[in-house]
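Please read through the structure below; I'll follow up with questions.
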Amino acid sequence: MPSKTKKPKASWKLSPALESTAQVDIATRYKNYIDGSWVAPSEGKYFPTKNPATGKKLSEVAKSTQPDVDLAVKAARKAYDEVWSQITPRERGKYLFRIARLIQERAREFAIIETLDGGKPIRESRDVDIPLAANHFFYYAGWADKLEYAFPNRKVAPIGVAGQIIPWNFPLLMAAWKIAPALATGNTVVLKPAETTPLTALKLAELFSDAGLPDGVVNIVTGDGTTGAELANHPGVDKIAFTGSTEVGKSIQKSAAGSNKRLTLELGGKAANIILEDAPIDQAVEGVVNGIYFNQGHVCCAGSRLFVQESVYEEVIQKLKQRIDTLIVGDPLDKNTDIGAINSREQLKTIQKYIKIGIKEGADLYQPECELSTVGSWCPPTLFTNVAQSSVIAQEEIFGPVLAAQTFRTVPEVIEKANNTPYGLAAGVWCDKGARLFQLTNALDAGVVWGNTYNQFDPTSPFGGYKESGFGREGGLHGLSAYLHTSSH
Amino acid sequence: MKRLEVLKTYKLYIGGEFPRTESGRYYTPTGRNDAQLGNICLSSRKDFRNAVVAARSAVGGWAGRSAFNRSQILYRIGEMLEGRKAQFVDELYRQGVSQAAAKKEVEEAIDICVYYAGWCDKYQQVFSAVNPVASSHFNFSVYEPVGVVAAIAPESSGLSGVISTVMPIIAGGNSCVLLASEKRPLCSITLGEVLATSDLPGGVVNILTGNREELFSNIISHKDVNALVASDLSDVDRASAQTESVHNLKRLILHKDELLGAESPYLILDTQEVKTTWHPIEASIAGGGKY
Amino acid sequence: MKNLKTNGSKDPLGLFSSPPVDQVGITERAKRFTTRSLKTDCKSDGLRMILSMIDLTTLEGADTPRKVRQLCYKAEHLHDSIPDLPSTAAVCVYPTLVKVAKDALSESSTVKIASVATAFPAGQGHLDHKLEETRRAVEDGADEIDMVISRGKFLSGDYAYVSDEIAQVKEACQGARLKVILETGELGTLDAVRRASDIAIRSGADFIKTSTGKISPAATLPITLVMLLAIRDHYFATGEMIGMKPAGGISKSKLALQYLLMVKETLGDAWLDNEWFRFGASSLANDVLMQVAKQEEGVYQAAQYFSKD
């Protein structure tokens, strides 16, 4: 009869399972994609894009300035006037269907490049980013010739040239979120990918050529924030769509003030993930892990504030720590990696700064033991317990794998605490009782509320924030209005 | 002997009460034949602040009312307007509108109230969505009121523009701080009296009179105001609204044309947020075990 | 109003309540194990571990002593052309064939004899018969008893009966290890699976087991995960380990490896041992052997090179 207690055992370990990069073709240098051609930047300058897991240069891309942006906007305008507004909505839709299919066909290649350029685990780029990007094109493709059904009793018309500025956390997916609805509604596009993750957008440009998308309908210019500002400020842009930090979003709105540009902003967040005492605790813990450690916490809707009802606090924290211990931090190209590389040195410094603040504020730090590579940018999954509502780490967006856990006693208390933030992008509630769950989902000031789940995304589901998390919605029927003029006649 | 007419004191409407401006200031706009319309309160930024406090404390209760109840109350506003038709016609006339046009404008305003009363429990049905996500989740998007809305009445309008501005805001469950037309404030003030007797909870609509230029920068920068509805801003004001509203990323609904007699459910949606909720749908384990 | 009467509630204090389970969340978590990549050393270690955890099973009306003898030989000699293969953990047979198995297995064998009992598979028998059947199986040489719970009683809410029955069978086991089969395919929801797991654990089960193999669906990753979480909560509460045996429907190595990974990530390495984890399977062994042979030989295998028993 074996004894019923644990005995030490040799560990059964996963072996390395690296995704092959053999099929991937990354050029040594990328120019801007303007009017269907690759155009060198006017100043002839390029900057490197690196693999954050190794620090090694992958390629270099154009450092674009005002003349480059101007060229792209003019190409988009010409394509809008001469081509895109002239073809039928149904033909527009067919281009998008074709693009969706081409992404599906080249999904693995895109996934690998996404992982190389951004540091996210291949499991995520393969299972989440790329399929969702393709699905987004597929979803909006079907809208192109059905727009009048989305706006009862209204006539709709495209806005014109959309200037789109996207972040580095979901490079291809954000490009899809921006480009697909813009094209489906009849606009043309100038897209500025993030400075640290331009490659999949440039590969997408290749794919647009393959799809036969008319020249100038989508133009891609690379650069840093100053290039983005040039795009937002360009007088030829009719509509600005920005995803990024609240700080930059506000500055874009200010600089666009006085123009007639339409604007949508998808900005930061500090989402509350709330566990009530009757919740399915094990699934809640899984949801908390998925909520904060997905994509290294580089997610605007990350559930970075955990609220646990006091009666189950010890159980939740124990299980959470155990689950954190099983997360595999390492080479993003390894198919078993759960947490990859931090996107950039700068972001790593920001995260480390907040971890120091958390420690200084007296919160208790928990990080699992894990061997981190000495090259590249890494941060282990981090949990702070004994955090106060007034702590900096409970108030400011960290944009990394750092969770701040607090307790609460009653439902009214947690509603007040959860809403006690200038942000309002997302929230999560874990509760087995439907009536109480919907009390909370109703009361939480957030554009997306996940009940007994977290970090789910779908092309049919609108995404966007309340309060300082921005305005406008992306995805679903409600994502169309950001790219249309509507009128009663 | 001719009877001495009793003149009306025009006051503000804040939190269901009728205070004078805390500043003690007034102005005297003129109407038909340059006759003085009265001593109208020249609201200060503190009055605006107080009105926002009242609106904030009222919004939760108002948003929490059933759509059906809001609908009844908006209809009740229409009823009370109808009962005071003569007074509104008279005030519009005094502000320079012809009798015939005044009558038409008041009737139009009453009908707008009834129109939006009908929308209260329908816009959600027409514009919400159940989203067919690919995973096993029930996913739906509904509209929620944005919160406290500041509204600037069209300057040229005595009544119908005011009604067209305010009704869609409150139909959607928001509370509102309205700045009346500077030159034509009388109907806005009397509207407060209508609202006070129409079952609308105090603080849901708050009405200030005064100088737009003086109050504008406070309205657009106030961080507890969630949205601004205005319809005849100058280019300069429009630009400064866009700049100053970033303090709290206020939603700006800046209509190019004056909202005179406008009717549309899309005006309700202007001061709504879309909230999307996800929840798992259980599948039977007999059918779900595919591993 | 008439005087209130008692309503005959079978669990008035809710003593047999269990934590809720979110089925979609469990399914998503289970799916994560299927996206892990188990290759090279990890795979070969895992495959051998799987072989050592198999309860090689025959539970047919047509079972005969000769059939059982063949099974026993296979349990000890999985594939002699590959050196150093482990034996299976056990053979699993009907009570009437326990003596045959005892006789067939070698003196020094590490292979345990597991006997189903308690009116397997339906469990629709009288309790005294079930206890007698259990006692005789143990006296005939069974090291382990695989009992079934009374699903009819469970589904009618008579959890106390189910619990008492398990406790009495445990006593009848006289020290033999007791595996309690929940027959999850008949329970309807994962909440019921969790409740049945908790009842079994609290009533004396040494192992909890998914299925008889006679009902579809049998073992699945999500159902097994729910049971592993019940085991984990019991360990958190008491420090006592309970074993887990998914049975039925696991015939491929890849899936079995995913089970191992799920055990590792849920309960830790301590459970990766045939004392605490078993596969109830008849055809899994050969698929694992084909994979092992492929690793040894470097070429893909065919079924005809492996004995079918």
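Which chain is which? They are A, B and C, in the order written, and residues in each are numbered from 1.
Note that in this section contacts are C-beta pairs under 8 Å (C-beta built on N, C-alpha and C of every residue); 3 or more make two chains touch, one makes a residue touch a chain.
Here the structure is a predicted model, which is why all the values come from computation and not from measurement.
Student: List every chain that touches both chain A and chain B.
Tutor: C
Student: Of the pairs B-C and A-C, which shows more C-beta pairs in contact?
Tutor: A-C
Student: Looking at mean CA positions, which chain is nearest the middle of everything shown?
Tutor: It is chain A that sits nearest the middle.
Student: Provide the C-alpha centroid distance between chain A and chain B, rounded to the nearest whole angstrom.
Tutor: Each chain's C-alpha centroid was found; their separation is 36 Å.
Student: Go ahead and note the Å separation of the Cα centroids belonging to chain B and chain C.
Tutor: From the centre of chain B to the centre of chain C is 67 Å.
Student: Where the centres are mean C-alpha positions, what is the separation of chain A from chain C, in Å?
Tutor: Result: the chain centres lie 43 Å from each other.
Student: Which chain C residues sit where two or more other chains touch them?
Tutor: Within chain C, residues 22, 24-25 contact more than one other chain.
Student: Which positions in chain B are in touch with at least two other chains?
Tutor: 135, 137, 280
Student: Which chain A residues reach two or more other chains?
Tutor: 452-453, in rising order.
Student: Under the touch definition given earlier, write down the residues of chain A that touch chain C in their complex.
Tutor: For this pair, the touching residues of chain A are 1-2, 4-7, 9-17, 123, 127, 278-283, 286-287, 315, 318, 326, 335-336, 432, 452-453.
Student: Write out the stretch or stretches of chain C touching chain A in their complex.
Tutor: 19-22, 24-26, 28-29, 35-43, 45-46, 49, 175, 177, 229, 236, 239-242, 260-261, 264-265, 268-270, 272-273, 275-276
Student: Please output the residues of chain C touching chain B within their complex, sorted ascending.
Tutor: 22-25, 27, 30-31, 34, 184-185, 187-190, 193, 216-217, 220-223, 255, 258
Student: Under the definition above, what is the set of chain B residues touching chain C in their complex?
Tutor: Per the touch definition, chain B meets chain C at residues 135-137, 280-286, 288-291.
Student: Name, in rising order, each residue of chain A that touches chain B in their complex.
Tutor: 135, 152, 154, 246, 249-250, 253-254, 256-258, 265, 267, 422, 437, 441, 446-453, 456, 458, 460-464, 466-468, 470-471, 473, 476-478, 486, 488
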